[in-house]
Amino acid sequence: MAKSRFEYVKHFEADDRLLPHCWIVVRVDGKGFTSFAEEHAFEKPNDVRALGLMDKCAREVMQVFDDIRLAYGESDEYSFVFSKTSILYGRRSSKLVSLVTSCFTSSYVRFWAQFFPETELRRTPIFDGRAVCYPTDAILRDYLAWRQADTHINNQYNTCFWALVKSGKSRAEANQALQGTQTAFKNELLYTTFGINYSTLPAIFRKGSVILRTKSSRVVDHLVDGTPVEQETNAPTVCHDDIISNSFWDQHPELLA
Amino acid sequence: MAKSRFEYVKHFEADDRLLPHCWIVVRVDGKGFTSFAEEHAFEKPNDVRALGLMDKCAREVMQVFDDIRLAYGESDEYSFVFSKTSILYGRRSSKLVSLVTSCFTSSYVRFWAQFFPETELRRTPIFDGRAVCYPTDAILRDYLAWRQADTHINNQYNTCFWALVKSGKSRAEANQALQGTQTAFKNELLYTTFGINYSTLPAIFRKGSVILRTKSSRVVDHLVDGTPVEQETNAPTVCHDDIISNSFWDQHPELLA
Amino acid sequence: MAKSRFEYVKHFEADDRLLPHCWIVVRVDGKGFTSFAEEHAFEKPNDVRALGLMDKCAREVMQVFDDIRLAYGESDEYSFVFSKTSILYGRRSSKLVSLVTSCFTSSYVRFWAQFFPETELRRTPIFDGRAVCYPTDAILRDYLAWRQADTHINNQYNTCFWALVKSGKSRAEANQALQGTQTAFKNELLYTTFGINYSTLPAIFRKGSVILRTKSSRVVDHLVDGTPVEQETNAPTVCHDDIISNSFWDQHPELLA
Amino acid sequence: MAKSRFEYVKHFEADDRLLPHCWIVVRVDGKGFTSFAEEHAFEKPNDVRALGLMDKCAREVMQVFDDIRLAYGESDEYSFVFSKTSILYGRRSSKLVSLVTSCFTSSYVRFWAQFFPETELRRTPIFDGRAVCYPTDAILRDYLAWRQADTHINNQYNTCFWALVKSGKSRAEANQALQGTQTAFKNELLYTTFGINYSTLPAIFRKGSVILRTKSSRVVDHLVDGTPVEQETNAPTVCHDDIISNSFWDQHPELLA
């Protein structure tokens, strides 16, 4: 069998290694999740089950890929930050993008029933992925700030929108009522009309999810005399901190170290 | 909320559009499937359930992405051929790679139980993906021939290897016995020692799976008087044809048209 | 001297190899040549000395780079077509672009005085360059047709424009008079008002310059008895043929072979 | 003329914009300069005329491209550092590479006679070019240190090599005598055998050339009463400083600002 005659086709593959010494962010994003959410009756404006599933998938990705330092998620998207010095798969963009997206998607289906025990998965959920390089710590922080600011803006809008819709307005009317309004107006609307104090809504809705690796010890075995054998772990742990302000980064100096 | 202050980070995303008027092949490949197969007790040398699941996933991908003309799969990999003139997602490489890989993976988990009703999925299956451009029909055919030639070489080796192992040899001994041997020797070994006529093994093992779109009519509704309303479909259909020789392409002129 | 400590910086260089088996076109283009032409009193609408110098530079480029099959030039630009199968410099884009542009520019200054014996070079002429891949012969022909169609459009406009300006109109008036006019109108204007039959203008103005390699024999030495020793050459030769129609390609089947 | 029919070919041009907020280094390098140097009888191991011409060309490039902060040259190569925040030509790699290389080459031919008044230019000098991104100040400094360390290593070797050759050794013998020797050995050889104190050789040979912009005032006009009108200039100025140690960067904080 003339194997070698065809093997030249391998040379058409392009080299897509990402620039060394830059932070690599791989972001996955749900494809067509507006209709996916409707089909599976997600609660509006936020569904804790769906957000919990997203967080679970992101933790799974971080378990598989050690070089991910940090992840940030909101709604149907998640960003994974690979260490600047990571040389995983030679920093090849399509390898990193496809593997992270595949692992995330795989987990989404695998753990669906844990989060939606009473809802059958009716459609194949699909995510897209992309990799972007950020050359400095400051720009990486701006990237994460961009996503968290987006979370706030979307959540505030959606909280108002769905409060109006649940109060009887049509979707078009609700949208109309919010066009061009500012933060202060929306907060006032929520408080006065619906009795909602925006700042006391769950942090997961307002701030999204941040996943860090938390160092801790875990008993993995016992010696003959019963002495516990501990192993240090770096378990991915979810929080909902503000990652725009400096205090978060001051508390976690290892993230950018 | 100073949204715009952070939005500049979007400009770091690179433009990865693939060259126009080239065939685009997106290939997905199982990550760590040797151990995945062992963990789930796949039959050796070929597991019809696992191959059936792969084919099912590939058909699902073709249902979602109309611009895929043809797919070819073997073992834990599948190649999807997008039309030369496809402008799906602006031909952006990371979009195409991530979406195809995600859809494939999602289907793998979703349909697992259909193909492995008695085997629990114990691990998150992960696939990588890549996109490669091929400028001419002839080179695309060589790409597909490369994969099908690979199927043959691997399958013949694996058939011998597992026959030897099942007959009592260790894996090292089996591997040793096959080092540097040619096709004729392996066929002879199978026939003489194990009574296996290689050429009568199932085509799916020897040739892999080819998925084409088959034009057919389907009754989708009925008029008041009972007249059936038909819709033409292009259902992805699996076959195990030889795609190296010319006859396959002569029979399906629409593939390269 | 800690040489190795710094050498890691080499890894930041990106791999920019162009897709195999595609035609590579490297196009060089004068930067700021409108003012360059004025500063050196180029004749309008066409300066035969300037065009001759461009053709000379392009021939020099073709002498240096054997893998160039064909070149096409007009005004202050030149396109060089590398063979589909060229592996010169591993098909690295920046190598091909920079070397061709450098050779062209170098020749422009070096041979300036041959074409402008009475005009001192007052400024450093600069060209930019780019490389583009074309996957098929038909698309390569369309590329060349695009440039030659452009030559025609520009030359017809410029011939009218400068005839009007030389007849006493301001540049703004000349431009105004030609806005939105068609080919037939311009030909009529030239013929009726200025007595110019467009189709009899020199082909170099109307069609630009095509450079082919012409096989011929050249005496390179003599044996002791005086017998001439001939060497076959492939000297780049300029013509002004129509490269849009099929007849040119029928006459030169080796170009796309 | 069916212009639009062909214009689609423009879409085959790839987007090659370099990552924002990274330093861009464009390096030009002589092609075949060993034989070019011999053909034009360059002095060995260093030719001050040739180095002066290189410096002149680099200053010309910096006059044309304001966004270049700094240049470093040695032998037949020059590196140009574009500001991190430069958006010149949209940071398109092939534009920057080709224009810098073209401007450099053009100057080389144009100013040749100033530096080699008695040597005719016998061949078209050609340079290649490439662009590389460096994400941080520290890595940019390492890049420049790499080039200057290279200058030292090459110059020390060449000084020994040519001293040996001029003393009567063949090139092969000279090379043999230096294989695997260290800095201390070479310095000792120069001092003991040839009476050369390496550290007192001209800095341009040992350190290469650094080009900075020097702020100064220049009288550009006079008012009616004779008062001079000054304009601040940023003339590119050559020095031969050590750019590996910190003191250079401490003295020029504006370079990385």
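A, B, C and D are the chain letters, set down in written order, and residue numbers restart from 1 in every chain.
As a working rule, a contact is a pair of C-beta atoms (placed from the backbone, for glycine too) under 8 Å apart; a residue touches a chain by one contact, two chains touch by 3 or more.
All figures in this text were calculated on a predicted structure; none of them were measured in a lab.
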item: Selected interface, A-B versus B-C, where C-beta contact pairs are more numerous; value: A-B
item: Centroid-based (C-alpha) most distant chain relative to subunit D; value: B
item: Same-site or different-site touching of subunit A by its copy subunit C, using the half cut; value: same
item: Approximate Å spacing (C-alpha centroids) for the pair subunit A, subunit B; value: 30
item: Centroid spacing, where centroids are CA-atom means, of subunit A and subunit C in whole angstrom; value: 52
item: Centre-of-Cα separation between subunit C and subunit B, whole angstrom; value: 47
item: Sequence positions of subunit D contacting 2 or more other chains; value: 12, 14, 19-21, 133, 139
item: Subunit A - residues contacting subunit B, complex; value: 1-3, 5-10, 12-14, 16, 28, 31, 60, 64, 93-95, 97-99, 101-110, 121, 124-134, 139, 142-143, 145-146, 149-150, 152-153, 183
item: Touching residues on subunit A, where the partner in the complex is subunit D; value: 19, 21-22, 133, 135-136, 139
item: Sites on subunit D touched by subunit B in the complex; value: 11-12, 14-15, 17, 19-21
